[in-house]
Every structure is written in C-alpha cells, then in structure tokens.
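Here chain A shows up in two complexes: once beside chain B, once beside chain C.
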Partner chain A sequence: MTMVKILFYVMAFVTLGSALVVAAGKNLVRSIFMFFVTLFGLAGLYVLALADFVAVTQVVIYVGGILVLILFAFMLSGKEALDKIEEQSSKFISLKNAPALFLAALFVVIMLNVVFKAQVDSLPWIKVAVETHNVMPVDGTAINEIGVNLMTRYLLPFEVISILLMVALIGAAHLSRREGANQT
Partner chain B sequence: MNFYLTYFIVAAGLFGFVALFTMFGVYAERKVSAFIQNRLGPMETGKYGSLQVLADMIKMAQKEIIIPAAADKVLFIAAPVIIFIGVYLGFVALPWGPGLIPANINIGLYYVFAIISIETLGILMAGWGSNNKYSILGAMRSAAQIISYEIPAGFSIIAVVMVAQTLNLQDIAMQQGVLSAEQVKFFGLWDVTHIGGILSWNVFKAPHLLVAFVIYFIASLAESNRAPFDIPEAESELVAGFHTEFTGLQFALVFLAEYSMMFLVSMIGVVLFLGAWNTPLPNIGAAKLANWTTGAGWGIIWILLKSLGLVGVQMWIRWTLPRLRVDQLMNLCWKVLTPLAFLCMLISGVWRLWVM
Partner chain C sequence: MITQQEFMIVSVLLFCIGLFIIVSKKNAIQILIGIELMLNAAILNLVAFGKFDRANNGGQVFALFAIVLAAATTAVALAIILNVYRRYKTINPDKINQLKD
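Showing the complex of A and B:
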C-alpha cells in the first residue's frame, strides 16, 4: 500500500469514527468538539483529492466560523437547558425516532446506489475531457482558475449569494436593535 | 525515507525554536516592563536575573496538575494541547530564507490564516472545560475579539495579496528584494528592482500599504490577546481569564502558545509587509550591499531580527497603553479598522490596474 492509500484510510476512519461519536454522544458540548475532528478529517480527505483550496476553505468557514458560533449559542444558553437535553431517553428504536430512521435508511439506499452504479473510473464526461485535453494540471494554479471563473463565468451566482448575505446581515442588525431605542 | 526524516527534523527544530523563543521572550518581557516602569525587574537568580526563566520552568514542571472536580476532564486536558498545536501548525508555511521553507504551499497565506482559527476553538474548550465563570467569560470575550479582528486583519492581508498577486508566502517574500523576477517600484514611481533593500519592501510599494500594515499590526495584537486588547485575561476583572484553572505544565503550554502566537503574527507581518528575509540594505552604486547580504544564512538572520523587532514593539505597546473596554474594542474594530481596511483593499485594486 502506498503512503497516500494509508493516509486515505486513516482519514476516512477518523472522519467516520468521530462522526459516529458526534451522533451517538450524550454530552452535547463534547459532540461539538468531536465535530471539529470530523471536519478536520474531511479537510484531510479533500487534500488527498488534490482540492487543497477546498480543504482550507472548509477549515476557515466551519472551524473558524460555524463551530465557534454553535459554541457561542451553547455557552449563552446556560447549563439547565443543556441538562434537560441530556436527560432525554436514549432508546434507539422508539416511535419518536421512526421518521429519522426512515430518512436515514432512504439516504443509505441512495448513497449505495450512487456508489455502485456510478462507476467513477469510467464516467463518460471524464473520458471526453481527457481525450480533448480539457483538464487542469495539478501545479498550484488552481486558485488562479477559481478566481478567474468566479469573476467571469460564475459572476451572477457570486453576486446573488453576496446579496443574500447582505440581507442576512441587515436582518440580524435590525433584530438585535433595542426596542424603542430612539426614545432615549 | 530520508524525505520524511527531514520533515521530522524540521518540525522538531521549529518546536525547539518556539520553546527557546518563549524562554527569552518571557525574560525580555519582564526586563522591558521593568525598564518602562523604571524598575530593575528580576535580579536575584543568576547575573541580571538571567536564570529566572529557567527557575520558573523547573518550578512549573514540578507542580501538581490539578483538575477541578466539576470540570469536564477530557476537554480540560485537551484544551492547552489544542491551543498550542493550532499556533504551532501555523509555522509550517512560513519562509525563513530563499529556498528555506518547511512546506512550500501555493496557498500558504490562506492556510496560515485558517489554522490560526483553531486557537479560538481551543480557548473556548478551555473556558467550557474549566467549569468556572471567569474562565467562560474570558473564553467568550476572547472568541468574540478574535473573530471580530480577523476581519480587518484579513482585509489588510488581501490588500497586500492583490498587489503581490499570489498566496504563496515564498513568492511574496521573493518579490520584495533584489531576487524579484518582476519590476519593483518604490511608491509606484521609482524603479528599484536592482537596488533592493528597504526600498523594495511591500510597505513602500504603495502608500496605502503603510496604512494596511498598521491595521494588520493592531489586529494582530488583538488576535494574540495582547494588551491593549487583553480583556480575555483582564487580571483586574476575570482573575486570569480562560486559563484561570490551569496549573503546572498545562499552564506552561498555554503560555508557550501565547508567545508562539506573538512570534507567528509578527513573522506573518514581516513576510507580508517588511520584506520577509530580504535585507534592508540597498545597493548604492558600486557598493552592492543588497546583493552581498542576500542568501539563505542572511535570510534567517534578517527575518529573525525583523520579527523580534516587531515582538519588541508588541511588548513596548503592552506596557505603555491601558486596556481597552469591551465597547471601545468593538468600536475600534468595526467603525475604524474595518472601513479603513476595506478602503485599502479598494485602493489596492485601483493601484494594481493603473499604477503598477
């Protein structure tokens, strides 16, 4: 086995194992910190897939942003609320869990279908791309391509997303304003 | 296999350097503070107190590691390690000289920026794991501060990157001296490609980059939780903030992380703005000072001197300015630094299009 293969299996194991702990753990805060390990394993898998930019972006957005925000929400909500969640019954099979189990089972079916039917090694569009040399070399110029594409081909989606974020920002600022602030 | 061995040696060397820097940093901090406050500082242990840090270290290693009964043990034990690893990983992508870089990543700067954010998570972990109200208040203040100040720091970095046109730290370093492959202009007017020295540093490439450097420096103080932005560990309000409960070696790790962070942000500032490993001496006529003082060995000396200089300024500021209040801190970040950093980014774009 080559080094890359060993690394892949290690990363995959770390990602899956920590994800299981996240889902099954009773202590919610610990689950969040375990989620951090999952995201890191995922970033490692991205690096192995030669998508280093995606890997670093994953760390910036999820670890630096979203995880910290989730933790903030936890720390502001106080211990009593958290204890109540931990007291919930943890029976695996119960009527409450039925919709979740159903969804999860369906999702497994879809995933397995994709894995077995796709035949990743012989996808037609990849073959065409290789034949017409419409491929990108792995020489560290990927970010230049990403930048150029964002500013040309994908400019409209990019701008639409920025407007969405702007709306969210203004909404958050409006909600957090004190009621009747203009009277004081 | 030699290939992997080199990596291990480099990693161990970097760790040794960080530890050594922390030792000297603590001693320097105490002496600088003493000088600024007209005291003598440590004088008893060894000549001029030079063995003080060693004595402190031995004391720290002997202390019992106390875990509070109500603490979340796993998080409590893991937190200092994660705080330190987050900072230590940042050193991977920083260049030390021409051809001397532990890992030449083409998105090095982005990587460093990403990996530093792990420290925030470690601090929150420490705050929550300690199960102490002061710890958690300190951790939340720290996280809020670091997240807020990442924005002006990020945009001032983008201002440089737009001028440099690359995220590879080694390439950015290369552009700021006589080894540059492209034309370097002093304030966009005077071609200094073959003169080099201090004239070709990034801060002098465009006037707005001077402003960007000041913004970055202020933000980096906040990111390393240094005074005047040390409200996360404000001694007069929060005992010691997020590391209140740590003793012995765990406290040593937190301390190591703080000093490594100081050096890391200074080194990023040097690489981006102050010419990285390039010499400050320009070529003057027949005296090719820049050509003579550029090389791998010289590079390490220059980058060390410059980074230590910036660390010195950090210490100077810590013992000069009073601590900012929380609302003042946020006002400074969102109402002053962020708009200025945005302006710098805009000017960078215009500069790249029309001047360079």
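Showing the complex of A and C:
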C-alpha cells in the first residue's frame, strides 16, 4: 500500500461519494456545489493518472466556466423552479426512483463484467508501451510534448474545435436573447 | 502503482451514477449535471489509458478536446433551458410537451 494508492482511494472515495450526494440530494444548490467537489476529485484522479495538464484544464474549464454557467442558469430560472424541486420525493430508494435505480444497477453489473473480462492491465498494446518505455514520465516533462503534439499532430482537430466553439458561443448568445429584440 | 482496472471501475461507477441522475431527476439542470458526470467518466478513461502513449499523447489531447466540447454543450444547453423556462415557466422535462404555444 503505497502513498499513491492511498491517495487514489481517497480521491475515488471523494469523487464517488460526492456524486452520490448529487444523485440523492433534493436541494438543487447543494447538489450543484457537491458537483463542484466531484470535479475537484476527478482533477485529483487525473493527476494520479499522470495527466497534470488535463487536471489543470479540468479545474479551469469545468469549475471556473461550466459550474458558474450552471449556477447562473439556476439563479435566472427563478424561484418557482426551486419550489418545484422541494416537492420531489427526496428518498434515494422509492418507487418513483425504482426504474432508474434498476437501470443503473444493471449497467453497473454489465460494465463491471466487461471491465473484469477485458483484463485491461494485460492488453497487448499496453505491454508493448511498457516495453518500449512509452509510458508518461512522473517528472512533469510530459507537458512539453503535449504542447508540441497539439500544434503538429493534432492541429486539424484543434482548429476544428475552435470553429465549433465559436459556433456554439454564437448560437448560445442568439438563443438566450430576449424575445422581441430582433425587431429593432 | 495504480492499475488501469481501478481507474475503469471508478469510471464505471461514475457513469452509472450519471445515468441514475438523468433517468430519475425532474429538473433540466440536474439532468445536465448527470450528463456532465457521464462525460467525465469517459474522460477519466481517456486519461487513464493516455498514460501509455507518451509519444503521441493521444488520450490526454482528446481528453482536452472532450472537456472543451462539454463546455460548448453546456453553454448551448443552458441557453435552451433559459428559453424553455421563459416560455413554459417550468424546467421539468416531463411538463414540456408541446412544440408550439
């Protein structure tokens, strides 16, 4: 039981626990803030998977951008939506949630089966990668290669995604415009 | 050393919690949170396997792209939710059942 492993279990526990609170909570604001904790836990897991740059991006984009957006949408959609939620049954296991619980449990069983059957630790290409020392270094020099790869090998997806982001932002701005403003 | 299997188990559980939220919740914003959880589970897999691709960084770079795509999706989805709220005064997806008003 090394330190890394303990940290991994702590992070996994924080992530899954806060996700469960999001699923069980009846208060929307509280569930949004627990989602915040889930995202931080996931960033920790990314660090443990030797992807520090992705972890920092996760914190900046998800926590800084998406969460604030969700909070804004929640605040703007008014008090009535809040009251509606309180009516909703808060119990995790109730008859209304039974189909969802059943579906999720079935998915857990099937996907865990797949994971155990696939034996992902002894996949051929992973063995080749370990033999040829194609594994991420632990000393943070991998960030260099991400930058170089992003500008050479993945330049086309990079540009395409920038166009898509622009389209999405213009679309969102157009959609959230007040009605009647287009006559002017 | 953390094995790939452990990462995949965490990601499976996260995915299923997201699925549960999507099916059971009666609020569009909470459903959006569930979708984000499922996306994050997928990104966790990409990152975990990206560890074995030092030369090309395939997993990590596409994890970055997926995060940016999720941001774009959320922006559009929230704009739609705000519009729906303005028109129907509710964001319960079960109650929104007409195409024209």
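We adopt the following convention: the second predicted complex is superposed on the first by the 145 of 184 C-alpha atoms of A that agree within 3 Å, B and C clash if a C-alpha of one lies under 4 Å from a C-alpha of the other, contacts with A are read in each partner's own complex, and residues count from 1 in each chain.
The criterion applied here is as follows: contacts are C-beta pairs under 8 Å (C-beta built on N, C-alpha and C of every residue); 3 or more make two chains touch, one makes a residue touch a chain.
All of these numbers come straight from a predicted model, not from anything done at the bench.
Undergrad: With both structures lined up on chain A, is it a clash or a fit for chain B and chain C?
TA: fit
Undergrad: On the superposed three-chain arrangement, identify whether chain B or chain C touches more chain A residues.
TA: C
Undergrad: Of the partners chain B and chain C, which touch A:Leu155 in the superposed model: first, second, both, neither?
TA: Neither chain B nor chain C is touched by A:Leu155.
Undergrad: Applying the document's definition of touch, where does A:Phe36 land relative to chain B and chain C: first, second, both, or neither?
TA: first
Undergrad: Is A:Val59 in contact with chain B, with chain C, with both, or with neither (first, second, both, neither)?
TA: first
Undergrad: Under the stated touch criterion, which partner chain does A:Pro99 make contact with: chain B (first), chain C (second), both, or neither?
TA: Second partner only.
Undergrad: Tell me which partner A:Val130 touches in the superposition: chain B (first), chain C (second), both or neither.
TA: Second partner only.
Undergrad: May I ask you to decide whether A:Val68 touches chain B, chain C, both, or neither, giving the answer as first, second, both or neither?
TA: In the superposition, A:Val68 contacts chain B only.
Undergrad: I want to verify one number: the closest Cα approach of chain B to chain C after the superposition, in Å.
TA: Shortest inter-chain C-alpha distance (chain B to chain C): 14 Å.
Undergrad: Across the two complexes, what residues of chain A are contacted by chain B and by chain C?
TA: The overlap between the chain B and chain C interfaces on chain A comprises residues 53, 57, 65, 72, 74, 142.
Undergrad: Mind pulling up the chain A residues that touch chain B in the complex?
TA: 27, 29-30, 33, 36, 52-53, 56-57, 59-60, 63-65, 67-68, 71-72, 74-75, 140-143
Undergrad: So in the complex, which bits of chain C are touching chain A?
TA: Residues in contact with chain A: 1-10, 12-21, 23-24, 26-27, 29-30, 32-33, 36-37, 40, 43-44, 47-57, 59-65, 67-76, 78-83, 85-86, 89-92.
Undergrad: Quick check on the complex: what are the chain A residues that touch chain C?
TA: Within the complex, chain A touches chain C at residues 2, 4-5, 8, 12, 15-16, 19-20, 22-23, 28, 31-32, 35, 38-39, 42, 45-46, 48-51, 53-54, 57-58, 61-62, 65-66, 69-70, 72-74, 76-78, 80-81, 84-85, 88, 96-97, 99-101, 103-105, 107-108, 111-112, 115-116, 119-121, 125-126, 129-130, 133-137, 142, 145-146, 149-150, 153-154, 157-158, 161, 164-165, 168-169, 171-173, 175-176, 179.
Undergrad: Okay, in this complex, where on chain B does chain A touch?
TA: Interface residues on the chain B side: 72, 74-75, 78, 105-107, 110-111, 113-115, 117-118, 120-121, 124-125, 127-128, 136, 139-140, 143-144, 147, 150, 167-168.
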